[in-house]
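One chain, chain A, appears in both complexes that follow, with chain B as partner in the first and chain C in the second.
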Partner chain A sequence: MIDIATSRWAKWVLIGIFVFEILFLYAPVTLLYIFSFNEGSVVAFPFVGFSLNWYETAFTNRGLLLSIRTSATIALMSSTASIVVGLLMAIPLARRKFKAKTPIMALVLSPLVVPHLVFGVALLITFRSVDVLTNGFLEFPLSLPAVAIGHVVVLMPLIVLILIPRLQRIDAHLEEAAQDLGASGWRTFRTIILPLIAPALAAAYVISFIISFNEYAVAVFVSGPVTTFPIFVLAELQVPVRVPQIIAISVVVVTLSLLVVVGAEIMRRVFERRYQVLSQTAGLLGVADADTE
Partner chain B sequence: MTASSSVTSEVGIHLKGITKTFGEVVAVDDVDIVIREGEFYSLLGPSGCGKTTSLRMIAGFEVPDTGRILLRDKDVSGDLPSKRNVNMVFQHYALFPHMNVEDNVMFGLRVSGVRKKERVQRVAEILEIVRLPGFQKRKPFQLSGGQQQRVALARALVNRPSALLLDEPLGALDVKLRREMQLELKAIQHDLGTTFVYVTHDQEEALTMSDRIAVMNLGRVEQVGTPREIYEHPESSFVAGFIGSLNAMDLKIQQRQDDTGGMTVGEGWVIARVDADVAVGTTLRAAVRPERIALGPAGAPVHPDGSVVVGTVEEVIYLGAMSLFHVDIPGLGQLVSQRMSHEDESAYRTGDRVSASWELAHTLVLE
Partner chain C sequence: MVSEINTSEKTVTSEKEGRVASLARRRHRVTRSLLALPLGWLVLFFIIPVSLVVAYSVGILETFTKEEGVSLETWRIFLTGENVYMLLFIKSFRMALIVAVVVVILAYPIAYFLAMIADKYKYSLLLLMIAPFMTNFFMRVMAWKVLLGRQGVLNSFLIWSGLRDEGNPIEGLAFGEIPVMIVLGYVWIPFVMLPMFAAMISMDRRLLEAAADLGASRWRAFWKVTFPLSLPGVVASFFFVFIPTIGEFVVPKLVGGTKGYMFGSAIDDLFGMGLDWRTGSVLSLWLVMAVFILALLFMRLVRFGRLAES
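Right, the complex of A and B next:
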């Protein structure tokens, strides 16, 4: 068997990809960090002088802080709701056999292929229609919950995609063993399934929180009077003098996101090393495959 | 060693006319099984014979299409697995990977609301019995296959089930450990007096441990009996062929006398006990076990009163304690004779003319 990753041309492809990432992902982010400390109000070299002014300006900008709070609230609501719904969907999709599985899976994942802008417009029309069709009886205010609902739709397929592989790796006999020992379905879920997928749940939660926090296209249509962080940032960027403080706050957001993601990954690794959940499952299955026939 | 003293005449588990289909496939076909209280009962058969499905129906993981399942005379056919007083040891143990040994073993006790103090004590007791004392705080991944196996056993037994169901529990262990565990399982079963229902495709395992064996094939029970009955008096060619090795032959009855019938083979003959209604001219399926065939000089068979055939040694296979002799018998085919290597007859070499003979009772008439 040829190991593609170690063949000579593959090495150069990998180096190419690495250089690409450096140039277009890490370099821009690094520039953000650099300019956030630049004293000058024009975001360009030369570097005028080191200053924390922009951070001070940003953190005293009420509108900015308010938008962050709004986005955090939406992210909290939408990721909590979508993790619950996503888990409820992922469990049967991963662990049960039923006829309509493929169409249901397609239905669950379809939001992934709908452009957010299109979905945002559609959602706006829907909310308005509810209002009109019920003659104003059911008024749906465009605001925080509206954005959260939109984000649940966007996040759910991602959560399902993260959870399904993890659920599939849990030996079905573990559930049977728990039931055999007298546990109810709920108890089996709480004491066996939930602890085993906790790292995946945490990862899914963190990722959805960050995605929701940064989401613009859906939010801009259904947010009504409320201003989320991305909406605020985009508006501020129209005004050149405000750009530096946006850069400063962006640096803070990027740093926090990074810390959270890295922290979640470390926790996942610690968990899996402690219980050797993955390696053990794989090991047992390996033995099984070699031995049964 | 067989027939442990704790076996009573009481019925522990009764499968009554059980049929189970998966789509088009009939997994279990109108099976009746009666397992006595305190018995070590094996379901033996090749893969796909319905043995595991039968076990899973006792546990409650599968629901039979027709028929009833009685545990100690109580109909449990409709009960969930969690409501049945039986516990299962799974093929790959299914230990909870995130719990230590104590929490694994304690799981059932915790569910049924046993107090902490008693729980801890009972876990310690059962770990003593499965010879894992002091292993409470270990995690499953820190244990060897054999130790995981014992934990799985302890986790089931600690609940004092009315029957323990074992689904090929030794399948994942290496040969040496498997032999050890066979004896140990048997000893534990004997000491606790719990009914064990043991599913295996390994005939040696079933013979070693069981009080009784049900040999299954294609969803049906072919024969039920003690290991000795199954081995020495197989009732079908499937059972005879599945358990132990076999020299099968077509026996065309040419002569009848009293309760025997026979045919001539070259200068020799094969005779068997046959039913009264077997007429001359009938062809029966017959067989003889390799270890029953004695070898002697061509003119002086060891069992002159039984079946005697003459042929040439084609091949000698030395297996340590035993040797196999492939003898070509003109008019019959090849017979395999298994002899102890230290016996005199083992002196025969390839090309020697020998008589192969066996007692009347050892010609097995299969159909």
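Right, the complex of A and C next:
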């Protein structure tokens, strides 16, 4: 490496920028942590006194808890479904040769260039028109499954992008050897491919779950009467007196997601070391990872 | 496999060839059946919905009875600027452009630092950078709302500490175009780094050695080698921010006020309040078209296609 990275002053300037931006990113979030323990109902200085009241209020708020359960259900459904379809898609794209590959790849990635808002609107029109075109004979209820269906479309390209580089790194000879020894396609998949991509699958699952859990733009159009966590939070944020308890619950959610993300990353490293899978990139950065290939 | 077989034993060869061919055929069948479910899903829940928006925008499809039949009238009204939406689009386009450019500029040194200097700590530092942001979007928006609001942390701190008089808080931070852009920038920085980081990390380092051997200075090596090679990542990062920002409607709702109202907010209102789905469809399609046209332009400038195929 012999560009500006090797010069001493550039190094210190860049470290400075890095530290500054880290502070810029963390400061507001840290404030939320601090103010979640503030006794006062206005989120402002001066700090009134230490209290766990807002946590108590949040955890006894039935609407809030219900919305968390709803979002968790949707996230479970959509991340499970999208892992399955994403894997079905990624295997042929990464490991087979066929003519329609480029257009199919373009199709799979196309949801990435459509703003979620537009996609949400499109789904709303679709579900409504099922109703209208069949003269009310077939009614598609806007609710939980509708949101999950939309989330699968949003998540699929991300999962494909995470899995493809992993799949490509698997030596083709392993697969051929297994089949020469008489293993069926399914068995080859189960005993060779699956264990090798397990860490990437786990990472993809965690990311999908978190994205789906927090997704708002698609959900708000097709959720109908159902209130997901982001929808609930956004509504509550408009009411100033409710803000402190939303801060408290957000702090809990952030802490939990942090634990899951960091935990998953540590697990992945341990796992990959054990299986000696050559891996240069962090599993959590699958999207970036895909671009390196 | 076939080449390894002694050609004099023809029967063996043809038998083997037959097996290879049948294996290939089976693979093709498997490939097709593997792809059926995900492709079907995409057609049913992505292609058809988007096509229905097209149908809706010209009146082929109507879900409410009050509308005015098949015509391009709604398109004409929008494109000729007879309603406010074209102006709103231009404003939002400008905002998204500014946010995307600024954020990419802020994130580039970070990506460079992590990819080229941070060495063995790079993934830990990367995780440090993005981990808190895998969390709720609103939480991050709220953090700024709480921070910048009229009675927010910043103002209340200034007043409390006597740095500013009571009744004279810093205005213009709570609502408006600027706060929308600050918040959006804040929200995207951790993520936009990723494509640039990926581009730099996969770069062939020997090129830099070659440049040095040929007598290039550090700056020259950076501008002639590292920077051009990171460009596909820069473009990907740009779209990473630009696409969600131009379609944004939540942040304007929280910190936009009337001045921060964006094109996405208009679409949201047209559908959400059930005002006018047909105009809403036109605006939605226009948004997608704008993103596409911009992407095509960029693709011509940089070899972005390779990235997409990856």
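In this text, the second predicted complex is superposed on the first by the 259 of 293 C-alpha atoms of A that agree within 3 Å, B and C clash if a C-alpha of one lies under 4 Å from a C-alpha of the other, contacts with A are read in each partner's own complex, and residues count from 1 in each chain.
What we mean here is this: a contact is a pair of C-beta atoms (placed from the backbone, for glycine too) under 8 Å apart; a residue touches a chain by one contact, two chains touch by 3 or more.
Small disclaimer: the values here were computed from a predicted structure and weren't measured.
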{"item": "Touching partner for A:I125 - first (chain B), second (chain C), both, neither", "value": "second"}
{"item": "Which superposed partner A:G49 touches (first chain B, second chain C, both, neither)", "value": "neither"}
{"item": "Touching partner for A:V243 - first (chain B), second (chain C), both, neither", "value": "second"}
{"item": "Which superposed partner A:G263 touches (first chain B, second chain C, both, neither)", "value": "neither"}
{"item": "Partner chain in contact with A:S184 - chain B first, chain C second, else both or neither", "value": "first"}
{"item": "When both partners are placed on the shared chain, which of chain B and chain C touches more of chain A", "value": "C"}
{"item": "Which of chain B and chain C A:G63 touches, first, second, both or neither", "value": "neither"}
{"item": "Contacts of A:M105 with chain B and chain C, given as first, second, both or neither", "value": "second"}
{"item": "Which superposed partner A:L174 touches (first chain B, second chain C, both, neither)", "value": "first"}
{"item": "Residues of chain A that lie at the interface with chain B and also at the interface with chain C", "value": "179, 280-281, 284-285, 287-288, 291-292"}
{"item": "Interface residues, chain C side, partner chain A - complex", "value": "23, 26-28, 30-31, 34-35, 37-39, 41-42, 45-50, 52-53, 56, 61-63, 106, 109-110, 112-114, 116-117, 123, 125-140, 142-147, 151-153, 155-157, 159-161, 186, 189-190, 194-195, 197-199, 201-202, 205, 208-209, 211-212, 218-219, 221-222, 225-226, 232-233, 236, 239, 243-244, 246-250, 253-254, 264, 267-268, 271-272, 277, 280-281, 284-285, 287-288, 291-292, 295, 307-310"}
{"item": "Footprint of chain C on chain A - complex, ascending", "value": "1-7, 10-11, 14-15, 17-18, 21-22, 24-26, 28-29, 31-32, 35, 42-46, 84-86, 88-89, 91-92, 96, 98, 102, 104-119, 121-126, 128-129, 131-132, 149-150, 152-153, 156, 161, 164-165, 179, 185, 207, 210, 214, 216-217, 220-221, 229-230, 233-234, 237, 243, 246-247, 250, 253-254, 257-258, 261-262, 265, 280-282, 284-285, 287-293"}
{"item": "Residues of chain B touching chain A in the complex", "value": "47, 59, 61, 80-83, 86-88, 90-98, 107-108, 111-112, 139-141, 145, 155-156, 159, 171-172"}
{"item": "Chain B-touching residues of chain A, taken from the complex the two chains share", "value": "171, 173-174, 176-184, 187, 191-192, 195-196, 275-277, 279-281, 284-285, 287-288, 291-292"}
